[in-house]
Amino acid sequence: MQLGLIGLGKMGGNMRERIRRAGHTVIGYDRNPDVSDASSLAEMVAGLQAPRIVWVMVPAGAATQSVVDELGGLLEAGDTVVDGGNSRWTDDEKHARELGAKGIGFVDAGVSGGVWGLENGYALMVGGEKEHVDRLQPIFEALKPEGPYGYVHAGKVGAGHFSKMVHNGIEYAMMQAYAEGWELLEKVDSVTDVREVFRSWQDGTVIRSWLLDLAVNALDEDEHLEKLRGYAEDSGEGRWTVEAAIDNAVPLPAITASLFARFASRQEDSPQMKMIAALRNQFGGHAVESAK
Amino acid sequence: MQLGLIGLGKMGGNMRERIRRAGHTVIGYDRNPDVSDASSLAEMVAGLQAPRIVWVMVPAGAATQSVVDELGGLLEAGDTVVDGGNSRWTDDEKHARELGAKGIGFVDAGVSGGVWGLENGYALMVGGEKEHVDRLQPIFEALKPEGPYGYVHAGKVGAGHFSKMVHNGIEYAMMQAYAEGWELLEKVDSVTDVREVFRSWQDGTVIRSWLLDLAVNALDEDEHLEKLRGYAEDSGEGRWTVEAAIDNAVPLPAITASLFARFASRQEDSPQMKMIAALRNQFGGHAVESAK
Amino acid sequence: MQLGLIGLGKMGGNMRERIRRAGHTVIGYDRNPDVSDASSLAEMVAGLQAPRIVWVMVPAGAATQSVVDELGGLLEAGDTVVDGGNSRWTDDEKHARELGAKGIGFVDAGVSGGVWGLENGYALMVGGEKEHVDRLQPIFEALKPEGPYGYVHAGKVGAGHFSKMVHNGIEYAMMQAYAEGWELLEKVDSVTDVREVFRSWQDGTVIRSWLLDLAVNALDEDEHLEKLRGYAEDSGEGRWTVEAAIDNAVPLPAITASLFARFASRQEDSPQMKMIAALRNQFGGHAVESAK
Amino acid sequence: MQLGLIGLGKMGGNMRERIRRAGHTVIGYDRNPDVSDASSLAEMVAGLQAPRIVWVMVPAGAATQSVVDELGGLLEAGDTVVDGGNSRWTDDEKHARELGAKGIGFVDAGVSGGVWGLENGYALMVGGEKEHVDRLQPIFEALKPEGPYGYVHAGKVGAGHFSKMVHNGIEYAMMQAYAEGWELLEKVDSVTDVREVFRSWQDGTVIRSWLLDLAVNALDEDEHLEKLRGYAEDSGEGRWTVEAAIDNAVPLPAITASLFARFASRQEDSPQMKMIAALRNQFGGHAVESAK
C-alpha cells in the first residue's frame, strides 16, 4: 500500500520506518530536506496513485490547519486524509467538513507510543466514517502493536482524538498517583529503601503497570531523582480534558489536581501564596518571608 | 471578678489588658518575669480567692498538658480551668477528666482575634458543662466584641476548640479563594488595575468580607506583593480539620486543597514533580530540567 | 440623563427602578409587553436623543449577540452600548470590534447585587476605553452602592466581565468553605448548636463576611436545611474562571473543587463511582450495591 | 517449615492453601471451628516447635491487639510474630515493643493480592529487623509471586505496613483516574464504543496496567455498569495515607481527591451542597430543590 506522510519528526520519522518495515511504500514529506523524501507537498502528492492516503503528523493548531488547507487544494475526491497529530477533537469536525466539501475523506487518529513505538507499536484510537477508516486498515495494522489490543475505531470524526485526549488525562493522574506515593515514602524514616519498594510492586500488586516499570527504570538511573528539577510541562491534551469535563459537567478532581500540580511546578514563586502570606500577616502578625 | 491568666505572650498579654479594662482583677503568670505578675504558678494560685478561675493561654500540646498537670496539684474542688489556647479538641476531654477527678471544672475556649483583639474584642467559642461556663460569663463578656455576636457556648467539652478549628479550616479556604482570584487577575493583560478591583469589591458584592478588607490593606502596602515570598506556614487547626473530616467521612475538597497549597509553598523543589518529570522523560523522551 | 435599557427581568427591572430613583430617564425594552416601555427595540432607540446610551441586560451568548447585532443597525456613530449581562469576556472584544466599526462605543459591565441590589446598590466592574466609560458615569453612580466602594474601571474592553467572572469564582470557593465547615460541625456530637456557632462568628472572627450573614439567615429559616436538596446549579462564570485559569496556567484548586462539587451534586448516581465499585469488586471481591 | 496462622477468612484461608502447596506445615486457627485446625490459640501454639513462627491475619485494631496480647502470654523468647493484616503502621512499633520485652520478634507484612493471590501469589512488603525477617524467608517465598518481584524488605518495623498503605493510596488515585476518564468518554456522543476504547488501551499505551485489564473485565460483564450503584467504601489505608501526608506536610491532591470522592459517594444527599443551595437562594433568589 502507498502512503504520503507529512511531518518526519521524532514521532513521524519512526512511524515511517515502522510502516515501511511492514512492506508498505511511504513517501514522506518534511520541511527539513535532510529527512524528506519529496521536495514539496505537491511533489509528494504527485508521487501517490489515486485514491491517495495522506497521513498528517505535524503540530496541532496552526501547522495542522495549514497542511489541511494545502491538501484541500492538492488532493481530489476519493482521497483520504488522516490527522495523526495531537489535534484538539473540536478541530476534527472542521477539517472533515472542509475536506468533505471536496469529496476528500477525513479520519482522526490519536497515536500513543512515544519513543517506544517503533519497536513495540503505536496504540491507535481512530474516529471517522467506516468507509474511510476501512481503507486505512493496512496502515493501522502496520503501526499498531502485535496482539489483540492497541487499535480501536472509537466512533465518529473526533472520537479518535477525544479518546487519546482522555487517555492523556488518565495518564496525568496515574503519574501523579505514583509521584505522590513516592514523595510520601521518601519522607519517612522507617522506609529505608523506597526504590526497592517500587521495584517489588511490579508483580502481585493492584498497582502494577507500565508506568510503574518506567518509574523503576528512572529510580535505577537516579535513586532519589536528585539530578532532576521538579518541573513538568503539560501538553494540550491535559488542558483539553479538563475543558471537555467542564463542557460536560463531569467532575474530574484527580485529573485536574494533576494538571494544576504541573502548573505550580513551573512557577518560580507562587503569586497566590504571596497573598496567603500577606493575609496571615495582616490578621495575625505572622512573620512573612521576603522575596529573594 | 478575679482571674488567674497563664501565658502572657502576644495573645495572652492583650487579653489581660482587655479584661482589666473591663474592671476585673487579673493575676498573670508567665515564665518571662518581665511580664509576669507572679513569680510562680503557685504564687499566682495563692493570690486568688476560692473558688478560683484560671485561664490557660500557652502553646497547645506538651506545654498545655504540663500546666494542666501542675494546676491539678495546686487547685481544689470547685475551681475552674479554662484552656483558651489552640489545643486539639481531643485533648479537652482528657483534661476535663483529669481535673474532674479532683472536682475541678474544665472549659475549653477557642479564641479568635489576632492582633486586632485588644481593640475589637475576641470571638469566643466555648465548650463545657453549663455550670462551669456560667461562672465565666463576666470574663467572656469582657473579652468578646461589643454587640450581639462573637460568643457562643457551642456544646460539650471540646466543642469550643472544635468550632474554632473549623473556623480556621474555613479561613484557609477563604484565603485561598481570594488568593486564587488575585493571581488570575494579575495574570491577564486586560485587567490593568487589580488592586482597584479588589478595593471596589468591598461594597455591593457577594464576596465582601473582613478578609477582603485586609487584602486591600495588604495591596495598599505593596501593590503586587513583590516584597513577599509565596511561603505560608500552617497551624495545627488546618491539619486537624482535615483529620476530623477523615474521621467523619466528610469530604472537604476546598479546605484540603488550601492546606496542601501551603505545604507545597514551603518546598524548595517538589519531590513529586521530580517523579513526574522522570516519567515524562522515560516514556516520551521529554526534556527535563536539571536540579540547581 | 437618558438611558435605553434592554432586558427587564429580575435584574434589569430592578436596575431600571434604581436608575429612575436617581432622577434619570429610562426607556426600557423587553419582549414581555407587560413590563416594556417600548413596543420594539427600534421604538426604544427612536425615543432616545443622540448621542444615545443603551444598556443591554439579556442572557449571555446568543441573546446578547442578537441584541448587539440589532443595535448595530439601529444606533449611529457616537452612541454607546453597555453590556451589563453575564457575557463571557471573550465576547466583549468581538462586540467592541463590531460596533466600533460603525463608530459606536462599547463598554462591558459586570454587575453584582442579586435581589439585594435595588436597595443596597449594584457593584460594578467596568471595562472599556476611558472616553466611553466616562460618558456613563452618571448611570454608574446611580447604580452603585453609596460610599467609596462598589465601582471600578478595571481596564480594557473585557476587563469588566473578567473581573466579575473572577468575583464569581471566588464566591464559589467561599461558599464551599462555609459549606464544608458547616457539614463537619453538623456531623460531630459534641457541637450541639451549630447555628449559634455560625451566628457567633459574625463578629470578631477572621471569617466574618456578608455570605456568613446570609448563612445565618438561611439557618434561621431552616436550622438543619432539612427542607433543601443538596443540589446546586452553576452559572457560566464559574466554568469560565477555570477555563481562564487553564489558558493562563494558573492553578485554582479551591475554586475548581467548588465547581466540581456542584457538578457532582446534580448527578443522580455517579458514573465514575460505579467504575470504582466495579474495580473494587474485580480485584478484591468487595461487595457492590445494585443500582436502584 | 512450620507456621501458625491465625485468621482463616477470605485472605487467610487462601494464604494457608498457598503456603501448604509450597510444602510447608500450617496449623491454622480461626474462631470458626469449621475452618480451624486447632480448637484454641493455645492448642495451635502447643503444636508448633520452638522457635515458633506465628502469622496473624485478623482485622486491624482491637482484634489484632487482642491476638498480640494473647500471643505475648503463649509464646517465648526466640519466637517470631508476623502481623500480615491491615494494621496501621503506628501500631507496629507498639506491638514490636510489647513482644520484644519478652524476647519475641516482630515483623509487619503488608499483603496485596486479593482474590487473585492464591493463584498468582501475594505481593509482600515487610518491615522489621533483619534477623527476624530472614527467619521468615521460606514463608515469604511461598506466598510471593514467582519471578523477581513481589517481595521487599522495606525497612524497620512499620515499614511494611507503611509501604502497603501508600500502595493503597496510589491504588485509590489510579482507580479514580480510570473512573474519571470513563465517565467523560461515556458522556460524549462522538465516542460510540467506550468499552472498546478501554480494551484497545491494553497494549501500546502509556496507561496500560492490571487495573485497566480489570476495568475491561468489568465492562465485559456490564458494558455501561448499569447494574451497579456508584457507591464505594474505603478501607483504613486510604485515610491513613492522607493522615501520614498531613503529618509529614506532603501535598497529596490526587489521592485525597480520590478518598473524598468515595466519602461523597456514600451520602444520600450532600449536607454541604444544601448549604450552597441555601446561600444561592439567599443572595440571588435562585430556585432550590426540595428534599425528597
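Order of writing sets the labels: A, B, C and D. Residues in every chain begin at 1.
Assume a residue touches a chain if its C-beta (ideal position, glycine included) is under 8 Å from a C-beta of that chain, and two chains touch if they have at least 3 such contacts.
What you are looking at is a predicted structure, and each value in this text was computed from that prediction instead of being measured.
> Report the chain whose CA-based centre is farthest from the CA-based centre of subunit B.
Relative to subunit B, the chain with the farthest C-alpha centre is A.
> For subunit A versus subunit B, which are copies of one sequence, does the interface use mostly the same residue numbers on each side, meaning over half shared, or is it different?
Mostly the same residues.
> Give the chain pair, either A-D or B-D, that is connected by more C-beta contacts.
A-D
> Centroid from C-alpha atoms only, then distance subunit A to subunit B, rounded to Å. What do you get?
Roughly 47 Å, centre to centre.
> Indicate the whole-number Å distance between the mean C-alpha point of subunit B and the mean C-alpha point of subunit D.
37
> Distance between subunit A and subunit D based on Cα centroids, please, to the nearest Å.
Comparing mean C-alpha positions, subunit D is 33 Å from subunit A.
> Multi-chain contacts only, two chains or more: what residues does subunit B have there?
If we look for residues of subunit B contacting two or more partner chains, we find 114, 176, 178, 180, 183, 187, 206, 211, 250-253, 257, 260-261, 264, 272, 283.
> In their shared complex, at which residues does subunit A touch subunit B?
These residues of subunit A touch subunit B: 10, 114-116, 175-176, 178-180, 182-183, 186-187, 211, 214-215, 217-219, 222, 225-233, 253, 257, 261-262, 264-265, 267, 269-286, 288-292.
> Sort out for me which residues of subunit C touch subunit B in the complex.
It is residues 89, 112-114, 117, 120-125, 127, 144-145, 147-159, 162-163, 166-174, 176-178, 180-181, 183-185, 187-193, 196-197, 199-212, 241, 244-245, 248, 250-255, 257-258, 260-261 of subunit C that touch subunit B.
> Under the touch definition given earlier, write down the residues of subunit D that touch subunit B in their complex.
206, 234, 239, 242-243, 246, 249-253, 256-257, 259-261, 263-264, 266, 272, 283
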